[in-house]
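Two complexes come next, and they have one chain in common, chain A, joined by chain B in the first and chain C in the second.
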Partner chain A sequence: MTARDSIPDDPPEKVEEIFDKCVRVFLLKGYKSCTMDDIAQAAGCEPDWLKERYPTKSELTAAALRWYYIKYSSNIRSELAIHQDIYAAMEATLFAFIDICFDQLETGRGLFVRTFIDISNVDDTVLQAYQELQDGWEAQILEKFSLCRSELKNPEDAEILACYVITVIEGLYELVKLGKSREVMYKVAILSLNVIETKLKYGQPDRHSG
Partner chain B sequence: MATPAPDIEAMLEASVKTFWKRGYEATSFDDIVTAMGVSREFVEDTFSSKEDLYVAATRWYIRNYGRRLLSGFALHSNCCDAIRVALYESVDVLCEKDAPGGCLLSSGLLETSNQDAILAKEIEELHATIVTAISRKLFNCRECLKEGTDIETVARFYAAVLEGVASQSGNGASKEQLYRVVDLSMKVLDSYRIS
Partner chain C sequence: MSSLDPIHGGELSPELETALDSCVKVFMLQGFEHATLEDLANASGTSKDFLEEHFATKEQFCAAALRWYFTKFYRQLRSVLALHSELYPAVEAVLYEFIELSREQYTAGTALRFHTLMDIVELDEELSAELRALKVEGMDHFTSKFTQCKGELHDHEEALALAQYYATVFEGLSVMVQHGMSHNDLYKMASLSLEVLSNHLRKAN
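Right, the complex of A and B next:
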């Protein structure tokens, strides 16, 4: 993170409130056409206060992308560290991901990671921030599959299985945004794990917790 | 000699490609005007705002690409073949040369909490159409599925795969990778089929 990304005195709730408001301004006014003043007004803060922390719209957006990415990644990292076998690790990861999304919605925040990634297509500063997130949750999932290759019937499936799980997570994220309930999401997540089960050397006992 | 009227279909296709390449959030009204190759005045007369244009482009997209996506359902009576073909078709559409690095159907707009957001409704309707089509196909093939198969959850799973494939395409996944992901996802349905 750059020095200006987070001023120590700013509580996390305040920082996230700004990021949440800024993306709503982008969506309503367009990324290119909106100004820092528009964002400050939406966030209920002084433009100078905002610019002191984030001198440009690009830096604000890059900081927001990093913030959300790190938030998701740190939760997923914890789940992957706790669970040793690949099935349990992926089950916990999917459930943790669903819970983060719903926690986000229940505190009145939006789900905007995809929007920030979209913006990286047209803003080099944001793109660079995105490319620097090497240890994001996608990389962690790939690493876990690589570490657990010996559990697979075919160890060479590790990479494509990681790609599959990432695809499922992206899909779950979109379904949450479309208003599906937490219970529905858990059911879909459990169903998706059938694929991993079929790829394990010794199968998997019935352990779905739901 | 009178100037020929601009081709609305071509304008919508150009706007779809622009939205697709840059994403809704990052595309300005001027970007669309440039892509359409017509006067700004004409575009402003035809579409009142960027959202209005996006809604029109989304409807055009649903009619053209969405119909193509679901056409496989009618062609295959077997539910596995139908779903696989639809998912392959989506990979083909998403990885088309003219539509790299993005997805038209940005769900970011679902979060803007605008009561008048027609667009959010359009996106939700497209999703519902897809889930209904998959559910119907599974229901019609229910004699091939194990008793107690949760058809609705299976349909939602494949809708999630479809959404995930769109995101992964935007993240730079290759067509070959996405085909393999689709093949893996079919193991879910295989596990419910009566062998």
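Right, the complex of A and C next:
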């Protein structure tokens, strides 16, 4: 059984606690210097239990990174599926993304994806996981724009608009980390959608409710 | 001489700039708790005495590294902002300058690990406050441009939200530079974002 397979069998709260604590241990004790025992102690679990699931730090880190990406992308995937038109789909995506970030903070978790990505620069296992996950995440947005290409004045704008939304999402993540309020972030999301609105053939009804 | 003097005003020798980046890597691998000034000296190819002359503690070192990172960016962006009295050309120029600065750092291989440094300092109360103060200071200057030029907007009350939107775009661009987005696409992102401002300007503009 791989580390990835073990995730669904364990209580999500416990797994998330481990993934959150492991980053804090990496930052304070060092990715190279810390031990699995340090991480188990910080997360309040048995070292053997932890090592059985994640035999190495690399596997634990890759699993943690995967967990974060899946958490965000599964919510966003469902928003993309619910909303047929591109404006509504992107509005729901941005709002869902903001909500997940705030839910993380409100439950005492950190927003540590950047540190995982920095670790990927010194660990090939983590790098491989990161590249696959990032590609998959970007592909979701791109696929929706491709499906809704006909809604655009210029169908060839689909790819660049997908890149724009991904850029905005990355920026939203950083501003939430900076401590901006949920209301401010919703407002920013609505402003950012102005770009998509101007590219639509038929515009959008006034649906901005915040 | 203050321990922060070597980077006062954002000026830094290439040697010290490389040293700072190497040191962040030490923090990532050895940990903030475990890393010593000696480790930092070894990694950066400088002597412990040299580092101790400039930084009394690793906390001071982190504070200095943060100040260097932000001062370097913000000073340049402020000067670009000051060159343009109207909002649209000012924001356009700052966006393009930001892309160039971010790409320079990406190409030079520095600043890639600054997100880790920022996550490290978040775990230290004093450093965390320093980081927020630096970011807010940079943001305030940018926001004040929107406030000064609010007369150019349809709705004056949108000034602050627009400033926050562009702060989001800057952060997003910074990440996309690190993801390897092409120069051309980065400029397209900036152009797309400028449509938001354009749509909020009064017709006369």
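The rule we apply is simple: the second predicted complex is superposed on the first by the 199 of 210 C-alpha atoms of A that agree within 3 Å, B and C clash if a C-alpha of one lies under 4 Å from a C-alpha of the other, contacts with A are read in each partner's own complex, and residues count from 1 in each chain.
Here is the rule we use: contacts are C-beta pairs under 8 Å (C-beta built on N, C-alpha and C of every residue); 3 or more make two chains touch, one makes a residue touch a chain.
Fair warning: this is a prediction, and the values are worked out from it, not measured in the lab.
Superimposing the complexes on chain A yields a three-chain arrangement in which chain B and chain C clash.
After overlaying the two complexes on the shared chain, residue contacts for A:Y68 are found with neither chain B nor chain C. Using the contact criterion defined above for the overlaid structures, shared-chain residue A:L178 touches chain B and also reaches chain C.
In the superposition on chain A, A:F145 makes contact with neither chain B nor chain C. By the document's definition of touching, neither partner reaches A:Y54: not chain B, not chain C.
Contacts of A:D123 after superposition on the shared chain: chain B is touched, whereas chain C is not.
Counting contacts as defined above, chain A residues 23-24, 26-28, 30-33, 110, 112, 114-115, 117-119, 121-122, 160-161, 163-164, 166-175, 178-180, 184, 187-188, 191-192, 194-195, 198 meet chain B in one complex and chain C in the other.
Note for the complex: chain A touches chain B at residues 23-24, 26-28, 30-33, 110-112, 114-115, 117-119, 121-123, 160-161, 163-164, 166-175, 177-180, 184, 187-188, 191-192, 194-195, 198.
Chain B meets chain A in the complex at residues 21-29, 50, 101-102, 106-112, 114, 123-124, 127, 150, 153-154, 156-157, 159-168, 170-171, 173, 177-178, 180-181, 184-185, 187-188, 191.
Considering their complex, residues 25, 27-35, 112-113, 115-116, 118-120, 122-123, 132, 135, 161-162, 164-165, 167-176, 178-179, 181, 185, 188-189, 192-193, 195-196, 199 of chain C touch chain A. By the touch criterion stated above, chain A contacts chain C in their complex at residues 23-24, 26-34, 110, 112, 114-115, 117-119, 121-122, 134, 160-161, 163-164, 166-175, 178-180, 184, 187-188, 191-192, 194-195, 198.
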